[in-house]
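Chains: A, B and C, in written order; residue numbering restarts at 1 for each.
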């Protein structure tokens, strides 16, 4: 439909804008950071609050901060493997409760910052255990390891705060490596698989299956939760989409970049097919493209660079740690995003968002554009 | 005896308190930090001053700062092995003298801060050398390595000062690992034993001997000085008791926790029997329980947690470094105490003592209670 | 000739001083930092500017900052191996251009600070590649790795700035280790040699050839550019001489100290003959003796100490990294100079030059003596 007169067009656009605004607002209630929920939860039962904090923690693993995303992801994990789902739930609860007990900052606890490392540690403990599912003794190290993550998180934050850096998943990466080293390959109580380096020679190397490689790209998103099934991986991707479409896009893009990097280095086919080549790329891409930096074309290019660098660094670290049977986890992506946050110069540093104000990319974008338009109108009004 | 009248009771309690006070004061002269000795030593011969500084350095290894404890420990080491005693003496002298020569802060030198790393390096060089006792060429790397510790101490302190962290035994840990790597296993001049990882398989594994395991607990205190004999270990424990009973208690407690951690991970029996499983736990427990934090029930619980974490981290690092034949030394305890000092939140950080004011735990306790009662009386007086 | 009268002597000395001064000044135009060239280049074609920046970058590898030295060194590299020369040129251009593109500080770019890491990475990629010369696919990782160096340089600088430390060759060391790990030993696209640890046993060990060992000392200077031929190494030494005679002296001295350290640890003969034992010593000696500290007898002694420490640390790290087939590159010297810059106390810290004011040693010496004499004359004039 084409508007004839100017006033009519204005009227209609206003109405449309109003409707659009209201729709947008109601959608925003379930997407983004859902900060309004925190106000709603105040004064509620501790168990309910703990549930929200933990669900935020679950989503934080994939850099999202939305309890609905967390619930969706947890459901996906229970679908993939009930045992893994149980371990994850226990991990996020153990580390969050430890944070409450040792008196960590309540704002941090309620933002789920003390949950995600514990969850990752318990998921990885389950994946690497060779004692099979429902090996109940594993709950001991799961609780102990998750609680240790809270200590590490609290201890690393003053170190990294000096440069306004997030603690990210450093605690998880440290604890899981120490756990696997501590138990060793022949432990009678907690036996575990050894990680195979991606550069290891394959004896029965066959032709590369393109369909499998493409399938590895969404699996790379699931591998962030150590989940190697396609269905749950897609649900996890959906949970990210709920938090922020931009992040979901960057997750897929980063996973694809990681797979490309893996191809260029001729890694083991299993590594490409399972999505293990892609997940560091996905994390590296998501962190730079929209979360810690305001989205723009420049940030987007840096995000792709970060994805490739994360993926190559991951292959390198996996080969190094794999020589003693250890996995490289997400060391590569964590270090690379930290590096990107430290970059000086006008290209990227100008877009950086202070860690305390990091929100969903769409929110970051709006607040910056509002702030900029505010600045412009101020300047205009002073001009008059 | 029961006092009838109030005034009599007061009188008696005063007398008793006075006597108690005087006894306490005269006991304090030989226990704690013996700061009065420093005033007494001023203007004395350099050789005498150097002896006191070095004895403080000897005691500093086990976190004590008392020249009498140092003398006791040195005697224990000479008892265990005269060659080791000689190496230790040479190490503490070499690094203290280097500090004097390169012009380090005189307050630091006289507090023995430049001696303990050098002593540990030379003791460990002696223990790992496979050339036997009285191999005089070893004195060359002993002097060189001890001097290097002073450089590292001086260089690391501005790095760690930013977070008010102690340099602790980082220099020792770095230098001994570099020395063992440098000489390698087949060195014609300085051959050395390879360290066996605690998780290594034992071929002739026998039943665990409970008496031996219990005996390993006090040995864990001696292993801080790389001493594996029971008698000298008990003297070392006595030296700690002289400095501070609380520290001695925590040393035993930490060693027991470390042994428990070792049992839970099924480490080699030799590691449990020799006390090697316990010494990192002991150090981790002593640092948190009373030294760097005012003693309280909370600190005590954190000290036990720190002991377990140190012990597990030590098993992990020993397995990692043991795969290239290196010992993990006290990396685990040093890192863990550093982590504990960095912890944020109200539980532990509130009890933290600034590094410059760290004294014997009993002194820390008294100065804090005096300070708190002072605050209360001030408040009362202003209320009136 | 002996002057009789005072006025004549003064006159002659003035004339001589004037001539000397003029000669000195005209010599200074080609030596030292050649800062006047920067003013001259302003507003010139970008390609010309880029050439000067890159030549500065080439010289920066060996701690010199002089485009003429850079040109001389580049010529030496092309003489030694045209392929290596091409790789080096490409590396320095790629990383400098990346710095321009991602908007790094222009003062840093024009000082060549973003070139030297990229150059080193590409030279080492060429040396370790087992695909032979003129393997054109290698240009891909060369460009990618050199560009990554710029990212690392930019990211590490805020970390190290806190302690006024230079980023030095940390980016090169990180990137080359990651590259070699990433490609692994059996990579189908980018195969590479494994590094042999210096402590490895030699089966056909023959008598040590003194002439070869002495020849290894100047080769140690060439090995800073991964160049193992004598002629080019001497030209490189000449290029350093052009920048600063003091630095050239320390380079040789450090290389000799490194060779001595290698002898004392009985490293492989090949390591001594090729100069690989000496180059970390050379770098460690040059950094402390004159560049980052004003030259004096004390600094000189510290420089020799730094050379020995760098060399020993290099043997240790080479043995460690060699166990997984990696080279230790210049990790040892970089870490040791960083440690020396951190040293507290009056001996060395008093001579330290702030990183922003580091110039050629001769210039540092003159500016300090001028500054001190200025202080003295000021004091004298106020006395009058």
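Just so we're on the same page, a contact is a pair of C-beta atoms (placed from the backbone, for glycine too) under 8 Å apart; a residue touches a chain by one contact, two chains touch by 3 or more.
Computed from a predicted structure; not experimentally measured.
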Superimpose the Cα trace of chain A on the Cα trace of chain B, which carries the same sequence, then give the rotation angle to the nearest 5°.
-> 120
Between chain C and chain B, is it the same set of residue numbers doing the touching on each side, over half shared, or a different set?
-> different
Separation of chain B from chain C, taking each centre as the mean of its C-alpha atoms, in whole Å = 41
Chain A residues counted as touching two or more neighbouring chains | 162
If you look only at chain B, which of its residues touch chain C in the complex?
-> 101-105, 148, 151-152, 154-159, 162, 177-179, 181-184, 186-189, 324
Residues of chain C touching chain B in the complex | 162-163, 197, 199, 201, 264-266, 305, 309, 312-313, 315-317, 319-320, 323, 338-340, 342-348
